[in-house]
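Shared between the two complexes below is subunit A, which pairs with subunit B and subunit C, respectively.
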Partner chain A sequence: MKPILNIQDVSKSFGKEQILSHIDLTLEQNTVLSLVGSSGSGKTTLLKIIAGLETQDSGTIYLHGEEVSNMKPQHRNSIYLYQEALLFPHLNVFENIAFGLRLRKTPEALLKQKVTEMVSFLGMETHATKMSHQLSGGQRQRVSFGRAMIIEPSLLLLDEPFGALDSVTREKMQVLFKDLAKQMQISAVFVTHDLKEAIVMGDSIGKITKGELTQFSDLKSFYNDKDSGIKKEVEFWKQFN
Partner chain B sequence: MRQKRRYRNFSNLLFIAIVTLPVASGLVYALLYSLGFIGLLNKGFTTDAWETILLGKPFWSSLGFSFYIAMVTIIISLTVSLSIAISWRKNLNKGALSSLIYLPLCFPGTVMAFFSYQTLSKSGLLSRIGFQLGWIDDLRMFPSWINDAYGIGIIITSVLLITPFFIILFSNLYTSEKVEEYVQLAKTFGASKRQVLLKVTLPILLKKASVTIYLFIIFVMGSYEVPLLLGRQDPQMISVAILQKIQKYNLYDIPKGYAMSVLYVVLVIGVLFILYRKNKTFFKTEMKHS
Partner chain C sequence: MKRILQYIFMISIGFPLVFLLVLSLGRQWPYPSVFPKQMTLANWEFMQESSSKLFQTFFTSLGISLTVAFLVTALCFFVSKRIAYSKNRNTYLVLAYIPYLLSPVILAVIFQYYFNIAQLTGTALGVIIAQFLIAFPFGVIIYLNFWNENLKATEELSYTLGGSTFQTFKKVLFPLSKNAILLCFFQVFLISWFEYGLTNLIGIGKVRTLTVSVFNFVNEANIFYAALACCLLVVPPMILVYINKKFIFFVEKNEA
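Our next item is the complex of A and B:
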């Protein structure tokens, strides 16, 4: 199968500090790649480069086989989602979800139908007219996903989207995202600090250490990697057994 | 807990003593004066002053003129300040410009009005430059921007006075409201530069600044020194018209001046009340997240 995302030899420095060094990465269609790494390892920079919000110093990026290395973010059809839901504060839930469709000048009847379906799928029927500040953290994040998914992006770039949520809401959101990704056949790169979340969410896993990426072909090889930290975590929990 | 309550009660009392009481007393005094209960030449209760004000043209034309000046000033000022705050964003946060932007705030209204007079009048700096460059044959050919019927001098001076406030406000809001992150998000959704501006940047900044904008409209409508120096006798802005009635030699005009001031305050409070009824969070600076 042709990969949806193919990154070849991408490097990036800020001043004298090398953030990313000769990154190679591939992502198959309709799969999720979990990207783990410590703070400041370059995960966010890599995501922003893929989205077109940062420019790489060298290397090439292909989306659907087309080179997009110097393409503006507007034309990449890759949505970058922050840790914060970033719902537009001047729009209600319905209009937030409709945002991307309105940009594409979708006919009003079709727009209403699609947004209503999405609102219903997210279980937000009773909140459709509420503003962002009237929602809980989990509800805001759900709307944020709905807003992204409704325009059927080629690629979803998620930068620790559940980082600010409590553990219960976080698990619910993981299930919701998996359902949405499966139903809408989404391809995504999912950045997280949480190893368990990385395994739950990803079909494959990549790890960035000091700007260098190791991509594991499957979850088993990530588990077996001595530097992944998984075995340490398993040992930690075993002591309570 | 008890101490906290005591502190809150004390704060409320202090607020009433310093803010509410003097304003309310002034209003009551003005109302009593306008109805003939008090005052130098009072003859007991009468609605003469109110009838003259409500049924006559001067109050309403002054109010309309003040509203026109305030709206034109705010629209120009918002356009200029938003353009500067958005396009010079990086320069406004560091370097000389970040300090220079505060400089116009040091000018009192009177000084700025004199500066405008020296620059914009028929015998002013611009007129003389135009004459020296041969653009006009006579200083009198220079357009009337001071003491003119359209209040151009008042508008220009008010714009110069309030635009720095808005530049600083929008520049700070851009950072505190994380507008850059919304902009980047919108770009990945496919928004063009124009769409980012019209559907993201402007709505977020204007919505957040709406209370301040409304208050500045009221501030410009009620300004005194600038229209006194740069305006003309007819039409007059509301503060000038009221003060002239109260301070003129004709003592019979004083109740009319007080009636005008009470009516103006009632109208402004009425508008604010309607805005509050339409949006209960109107006067809240912080929103509680659930």
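Our next item is the complex of A and C:
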């Protein structure tokens, strides 16, 4: 199968500080890659480079086999989602979800049908006319996902999207995302600090350490890697058994 | 007690306005009379006389202030964004305060030489450019706090959702910045509207704005005409305060 995302030898520095060093990465279609790494390791920069919001110093990026290294973000069909839901505060839930379709000048009848379906899928029927400040953190994040998914992006780039949520809401959102990703055949790169979340969400895992990426072919090899931190965590919980 | 304080506040705002209106209608007001001996519309009829040019002055002032406010509001929106996200944000911010450390009159003296060479002194265009140079840094300062990381992320999100630069401006940045734009427009309009020293120096008496006229009437000891000009002078700011209250304050209250 042809990879949806192929990154070759991407490097990036800010001033004298090297953030990413010769990154190679591939992502198969309809799979989720969890990306872990400590703060400042370069995860966000890599995601922003893929989205076209930052420019790499060197290297090439292919999406669907097409080189997009110098393409503007609006033409990449890759959506970058932040930790914050970033709903447009001047629009209600319905209009937030419809935003991308309106940009594409989707006919009104089709737009209403698609948005209504998405609102229903997200379980937000009773909140469709609410403004963002009337929603809880989890509800906002749902709308944010719906707004992204409705335009059927080639690639979803998620930068710790559940980082600001409490543990219960976080688990619910993980389930919702897995369902959405499966139903809509989404390919995604999922950045997280949380090792458990990385395993739950990802079909494969990558780890960035000081700007260098190690991509594990499967979850087992990640578990067996001595630097992954997984074994330490398992040992920690074992002591309470 | 609270009600008394409210009344005192209202009187302190309303009294000067009523006083100006009475003064503009009055004639012959010798000490110690409480009110003018004669109340007449003659002073207001003076506005219509072709020699007085007070109407013309009013519209010249309005034209200059609206032009300056529009130019500064539009340009500062984009310039302030660049500055806010620049690495040298603080340096630019310090530079923006310099015109206010020097005072507009001193700047006008500095400008005057160059404006003479460019033959801009004594022209409305010269006054507009001079006022623009004073108000521009102020516009940047007003906008600077509006731009923040959250807004930047929202803008970037719009791009990744497929929005072009224009679509993002129209559908995201403009609606979110409406209050900041109105605030900047009002503030710059007021700076320009009440500007005297710089306008007088660059306009060299040929460009008569309402503020300059008020000072001229005061210098001529013509308090009735000065009051009349003052009445005209406070009309646009009062309209702006009303719009400000209706459209900004009311919206913010509803959002809260």
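Here, the second predicted complex is superposed on the first by the 241 of 241 C-alpha atoms of A that agree within 3 Å, B and C clash if a C-alpha of one lies under 4 Å from a C-alpha of the other, contacts with A are read in each partner's own complex, and residues count from 1 in each chain.
As a convention for this text, contacts are C-beta pairs under 8 Å (C-beta built on N, C-alpha and C of every residue); 3 or more make two chains touch, one makes a residue touch a chain.
Everything numeric in this text was worked out from a predicted model, so none of it was measured.
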**Study point:** When subunit B and subunit C are modelled together on subunit A, clash or fit
**Key:** clash
Practice item. Examine A:R170 and indicate which partner it touches, taking first as subunit B and second as subunit C; both and neither are also allowed. Key: neither
**Study point:** Which of subunit B and subunit C A:K43 touches, first, second, both or neither
**Key:** neither
Practice item. In the overlay, answer first, second, both or neither for which of subunit B and subunit C A:S136 touches. Key: first
Exercise for review: Would you check which partner chain A:K12 touches, where first means subunit B only, second means subunit C only, and both and neither mean what they say?
Suggested key: neither
Check your understanding: Looking at the overlay, what does A:K207 touch: subunit B (first), subunit C (second), both, or neither?
Key -> neither
Study note, to complete from the structure: Which of 4-12, 130-138 or 166-174 hits subunit C? In subunit B, it is stretch 166-174
Practice item. Across the two complexes, find the residues of subunit A that touch subunit B and also touch subunit C. Key: 51-53, 72-74, 76-82, 84, 86, 88-90, 99-100, 102-104, 133, 148, 151, 157
Point to revise | Contact set on subunit B toward subunit A in their complex | key: 177-178, 181-182, 184-192, 195, 199-200, 203-204, 207-208, 287-290
**Study point:** List of subunit A residues in touch with subunit B within their complex
**Key:** 51-53, 72-82, 84, 86, 88-90, 99-100, 102-104, 133-137, 148, 151, 157
Practice item. Would you mind writing out the residues of subunit A in touch with subunit C in their complex? Key: 51-53, 72-74, 76-82, 84, 86, 88-90, 99-100, 102-104, 133, 147-148, 151, 157
Check your understanding: So in the complex, which bits of subunit C are touching subunit A?
Key -> 150, 153-154, 156-164, 167, 171-172, 175-176, 255
